[in-house]
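Lettered A, B, C, D and E in written order, each chain numbered from 1.
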Amino acid sequence: MTAPTLAVRHRLAERGIDPQLLLLVPATVFVVALFVYPFCYGIAVSLQPAQGGALAAYRTFFSDAYQRDTITTTLAIALPAALFNVLAAVPIAYRMRGRFRGKRLLTTVLVVPITLGTVLTAEGLLNFLGPTGWFNRVLIFLKVTDQPVTLTHNYWGVFFSLIITGFPFAFLLVLSYLSGIDPSLERAAATLGAGWVQRFFRITLPLLAPGLATTFCLTFVLAFSVFPSAILVGDPSGSTRVISIAAYEAAYVRYDYAGASAAAIVMGAVELLVISVVLGLRSLLYTGSTAGGKG
Amino acid sequence: SPPDNNSPATSASGPVPDKPAEAVTLNVLDVAGNLQLTQPMIDDFVAKNSGVIERVTYTKATAPELVGKIKAQQAANRVDIDLVLTGVDGLAAGIDQQLWVDLLPAYASRLSGMNNYLAGAAAMQKLAGNAGVTVTYYPSGPLIEYLPAKVPDPPKNAQDLLAYAKANPGAVQYARPSNSGPGRTFLMGLPYLLGDTDPKDPVNGWAKTWDYLRQLGESITLYPSSTSETMKNLANGSAKIIASTTGWDINPRVLGTVPKEAQVGTLDGFHWVADAHYAVVPKGVSTDKQAAVLNLLASMLTPEQQAKAYDKGYFFPGPAVDGVTIEMAPPESQQAIKDYGRPEYPQLIANNPIEVPLDASALVKAFDRWDREVGGSKVKK
Amino acid sequence: MRRRIVASPGAWIVWGLVAIFFVGLAGVIGSVVVNSFGVRWFDTWLPEAYTVDWYGQAWKDFTLLPVLTVTLVVCLLVAVISVLVGVPAAYVLARRKFPGSRLLYLLFLLPILMPPITYGIPLATVLYKYGLAGHLSGVVLANLVPSVPFVILTMTPFIEQIDPAVERAARMCGARTRHVFTSILAPLLVPGILAASILVVVRTVGMFELTFLTAGPDSQTLVVALFYSMSAAGIRAQQSVDAMAVIYCVMMLTLLVVALRFVNPTQLVARVKEDPE
Amino acid sequence: MTTFETLRLDGVTRRFAGADALAGLDLEIRRGEFIALLGPSGCGKSTALNCLAGLLPLSDGSIWRDGTRLDTLPPERRGFGMVFQNYALFPHMSVRKNVSFGLKMRGVARAEIRRRTDEAIRLVHLEEHAAKLPGQLSGGQQQRVAIARAVVVEPSLVLMDEPLSNLDAKLRLEMRTEIRRLHQNLGLTTVYVTHDQEEALSMADRLVVLRAGRVQQIGTPEEVHNRPANRHVADFLGFRNLLPGIAGGGSVKINNWQVSGTPVGAVAEGDPVVAAIRPEDVVLGGGSGIEVTVEVVEYHGREIAAEARTVDGLPLHLRTSERLAPGDKVAVAFPPERLLVFPA
Amino acid sequence: MTTFETLRLDGVTRRFAGADALAGLDLEIRRGEFIALLGPSGCGKSTALNCLAGLLPLSDGSIWRDGTRLDTLPPERRGFGMVFQNYALFPHMSVRKNVSFGLKMRGVARAEIRRRTDEAIRLVHLEEHAAKLPGQLSGGQQQRVAIARAVVVEPSLVLMDEPLSNLDAKLRLEMRTEIRRLHQNLGLTTVYVTHDQEEALSMADRLVVLRAGRVQQIGTPEEVHNRPANRHVADFLGFRNLLPGIAGGGSVKINNWQVSGTPVGAVAEGDPVVAAIRPEDVVLGGGSGIEVTVEVVEYHGREIAAEARTVDGLPLHLRTSERLAPGDKVAVAFPPERLLVFPA
């Protein structure tokens, strides 16, 4: 190795470039080959509608209130659902971070719903919460109500299905992230007079926050692309007409691929916007080792 | 290079031989639930003609995704779906995207069964243009279905139905038309019932229909997103009158999703809006395989094979060709129809006009308008 | 007195929520399971009579055995490959800042965000061109597109949590990058890898569009069959669909329980630092 | 702040997987006392502190503050401060935030927090590093943050687990003085774990010597230093020369030479005993001495530490300011009041 | 194993956020040498070790092994061993696995791994704890695992960052001997960071004294101990009495008394100087002495450390075996060869 190349290496290493970056290669190659190229093609399609100029598909999408409103509809479903999932997962995971008998069983049971699949969830919700399902039967039996409560084929049906599939997902991630935090930090806080509320909010939560941000992003993405349940347990032409339905109809009912790609790309862009905000906030947080000293 | 929209590869051009050079494996894709009726026909053919078709694989999917998949294959010049069984929607989408081989009129001579179509089936075949071959057919609906115990005095006409709905909010149900056969049959049947100016033009000719649907919608609490749901609701009592078709009347009662005692009714002055399933061949399938498909289709259009289409009332009656009676059907079929069929159907079919459904683009417009104005405008209740 | 018996109000709320969740879950699963065994179930608390016929029928109708096998193979392959490809990338992105790292991160985010509608068909075309689609390999590759980024995104916080000093120590012991991964990072990341792979498996099994677009007649997975049974035209007994959904769920559950048996998610990175109680 | 008069540990026991890490510790701590826990590595010192702080549940025994039972109280309600052996700094907080954390928890007024935090940071000489995160500090700097964090809240009882182990000699001396000064000025009670005898001897009012989870001796520094309760304590406290012998009336027979010493504990004639003496107490020269050969010499600044061997092969550690070289032969003597005789 | 003749550090510099943690370290390490890095907390000792190990990229300078440049080589290719200041044990591996890890990485045969691992564990007295995970060990036990892990591979260069800081005196002495013995028997080269002067003086062949990232002095223990290169080194090395004064021909004027001392460095008459002497070098009694009043007395086992004050208010640290009490007045004298005079 000659001196100049050494010097170059040196300087590159200073800026964070060294052979370790090769570890990125497989994933990058992968994504570029199998995603970027087809995706660019998808964008190109969205810019080549059957009639109109390059942006016609987007213009159509945004000028039609029925299409445009799908964005807010989707956000109105996805944001609360993702938030709820993450916020509910945190206290439960926090309660379960120590050791106790039956923890494994409880964890498993809490995680079970991710195995249900959309179809079972939808079927189950329709059966269980439907007008003559057990839920309404119990309510009527207990005389809480005399008319069945409508919880399916509307906003709530979709919301519940997102919780059933999203909560375990969030819980699993949060529990795992929590377990990576050194418990001696909380102990240290306790000796400094911090009760559990303060320990939670000042020690655990800040250390967990980067993980929570990621969890939120992932549950949000899952919720945002809600499609089967929006149709099966929702009200697909009204209150749960989410953007993926708009894209689906464009592509598969009207065979308007430009419109479909445009809707889908708008969908991705909205997600990206939300996620960029969250990840941007995340980068302001402390990320790094959660160990508190030596040993 | 990116897949090209408009010139799917046709590596397999040239004349189609009478028989494949050697026995082929056929990949069949069903997007219409048609195999329920035709799989026995195909299996029978393969069993008897192993020199033509060695093996058949079956794949089932929903119609919309079909187009994407075939486009992808054609763009890459590797089509591995040899025969598609589809309803009107998939067929039209494929025609629109130029996915299908024109089997007609080139090979009409090899499909002699086509000369023998029932009148309704022949009309449906016209809708298919040169690409599809009608394999099964039924006049469909619109019918209304109810439990006699709960609806002792069913509505007799469209206005009755509306009045009934107003009197019993939530009692009338039909599924979202774009997700449901009976739903769309009801939608397409209404212009005939109400006497709209152009029953084939949902945009300009359906003024009465849209008005009616809006009014009806005021007393409808729910548009389920599948027919099964409406059936379930009928069974459990949360809906009292639902839209139905002949097949959806008989088969669910056979399966037990709907009580056997459920009854169907018709509304005065209704026209049948027929439905059919088609066989199509994607462009890019080799001539050998095309030959095998043609052989297979010829066999499927014979009356003895068509009799299998009676099934358990799934697509009642089912056969597309004339002269196929229930007595020719397999015994289980005969038993099911005997137990659950309705003696009045032959009469109703014979005595009411049979219309072809809307073409694909008109249907899409109708769906869109329904979604916007009927389904979507519904305030949350 | 080891543990305070009287739980705080906070604990009551949390366990109350858990209980409500469980009741709802039991209702949802229970009603599907009961229905799948029911002969007829109309407006009553329980079905009129019971049968297992729906399972037999679902099994036959959808030729479930090969479908199950394919599903299993596909999702295991996808999980393993996406972990193998994704974790090293996540490692670099978590540990290192270099020019363009943010851009790369964004690039890895996109496949999760973009619905398959935008790239599914061209992707299938590419895979068909190279003769990969129509077989298992195509299905696996297509499913890797959202899975690899998914693993990257999930694993990044896990990797950030690990003290880099431990890695340095391994290097001082002469461990090459490969060994650092296999001997140090992998065991420490087990909970994360496990969580990520479970989620990847679930997503893969549930990924309808990409699978359908790239599957051949012999490589379709359960969800394709299931989605079809749910959404396709035609008449099907509700119970049969439910039976199918139960079969699906049982299969996933088996996978999950097996995964949790081998690696307990509660036995985690800091297990040794936990309270010994 | 909960003050107290006495803190009583009553048979405090802690088991890990069946093995006693701490067995039956009885101790009464009076207000204002400075107690040092001393003992070999792994003897249970940190365990004792953790039990006291409430971070480890007791396997047995109880802890009482004046009349009230303490061991069922969670750590945050005990009002103690602690310097952890592994620091346990909050990695996401700057030095300043780490230090002020306890004050915030106690709801101290903002200006007061500022003042006291600044003072504590100044105390440990980290003014320049106040804005850094723990991960950006050197080991010794981290340790000092841990000290500052514990003392800034002026707790009624402060527990320190080897708080100076990573500091250099000069700083250590300084910190020692500061800790004593805080202890006195604020009237704190301190329990201090150290492995450094000099630290223990110079700082504590009372020493508790542990070994394998059991108390060996409790006493003032002078008592413990001059009169270790048994051979283990002696060994631990720098009696490097432990010579096995047989007790004879007032003297000990080691191999074939006779030396006189001070018996500690019950030593009867003819018993096997161990005669113990510190290297620095061995006197060089003097005619009556035992002749030894110097083998290894270590330079310790002003002094020399040497390893020598008697003619009959017994090794002997010496410490002297005389210049010795390996191979030198010197005569040594044992002052009887410095040679302690323990039962073997 | 890559052996070498010399290891040369050439202006090795490491900056953190613009601040030099280590500035221009030049050092040549010969094979078999035992080098101690000494310096106050935060002076850059760990940084130097990390640079040498390849764990921190250099901001400047280079490292050479014989003729080949080393600093671009990743740590695992350098073949060094290291004891980390914060141990950095593998939390998921038992003690035994931690120790044997390096051997496994080097592809040593299984039987040999077993033998050497057992031996290393025995060396650090952890036989009973071999199956435990690091989280189940006491602080000192963890530190010993770190030592065993580093030495078991017998690396050509072993870097130790305060390896004995958490051990008790007895064990520390023992480990010191073991480390020296290993160093000699295996012909290792050792760079040893410590904050303990005695340790540095007794173990090292050469000392490197750092302050704020810069080398202050490099020399043998005796040189450094007796002739600190400047007042900072002196201060750090136990010259607790640093008395400001004015140089006069051969003597120093401190306040209004005159003492004679040994000048170090360029001291011209009339210059402001600092006269430095260790507490233990201050001689008590003697008529000619300066009278001081004892203020604080600390008991240190055999000796007493006292703080006294001259009549003109100058504080003075003493160390003596005489019994003093606060308030005592004694006369002290400074042996001129022990009183070093540095430019201020």
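Couple of notes before you dig in:
Operating definition for what follows: contacts are C-beta pairs under 8 Å (C-beta built on N, C-alpha and C of every residue); 3 or more make two chains touch, one makes a residue touch a chain.
Not measured: the values here are computed from a predicted model.
With respect to subunit D, maximal separation of chain centres occurs for B (centres as means of Cα atoms). More C-beta pairs touch across the A-C interface than across any other pair of chains.
If each chain is reduced to the centroid of its CA atoms, subunit A and subunit D end up 54 Å from each other. Subunit C and subunit E have centres, each the mean of its CA atoms, that are 54 Å apart. Note on chain placement: the centre of subunit A and the centre of subunit B lie 38 Å apart, centres being C-alpha means.
The mean-CA centres of subunit B and subunit D are about 89 angstrom from one another, to the nearest whole unit. Multi-chain contact residues of subunit E (touching two or more other chains): 74, 85-86, 89, 134, 136, 139.
Touching two or more other chains at once are residues 43, 120-122, 125-126, 163, 165, 227, 230-231, 238, 241, 269-271, 273, 276-277 of subunit C.
The set of subunit B residues that touch two or more partner chains comprises 2-3, 63, 65, 68, 179, 226, 232, 236-237. The residues of subunit C lying in touch with subunit B in their complex are 39-43, 62-63, 120-122, 124-129, 131, 133-134, 209, 212-213, 215-218, 220, 224-225, 227-228, 230-241. Within the complex formed with subunit D, the subunit E residues making contact are 16, 38-42, 45-47, 85-86, 129, 136-141, 144, 161-162, 165-173, 195-198, 201-202, 221-222, 225, 235-236, 238, 240, 278, 280-281, 298-302, 305. The touching residues of subunit A, counted against subunit C in their complex, run 15-17, 20-21, 23-24, 26-28, 30-31, 34-39, 41-43, 46, 88, 91-92, 95-96, 98-99, 103-104, 107-125, 127-129, 132-135, 137, 160, 164, 167, 169, 172-173, 175-177, 179-184, 196, 210-211, 214, 217-218, 221, 225, 228, 231-232, 244, 247-248, 251, 257, 260-261, 264-265, 267-268, 271-272, 275, 287-291. Residue ranges on subunit A touching subunit B, taken from their complex, read 41, 44, 66, 126, 130-132, 148, 150, 153-155, 231-232, 234-239, 241, 248-249, 251-255.
Chain contact summary for the complex, subunit B toward subunit A: residues 2-3, 63-65, 67-68, 93, 96-97, 176, 178-179, 221-226, 229, 232-233, 236-238, 364, 367-368, 370-372, 374-378, 380-381.
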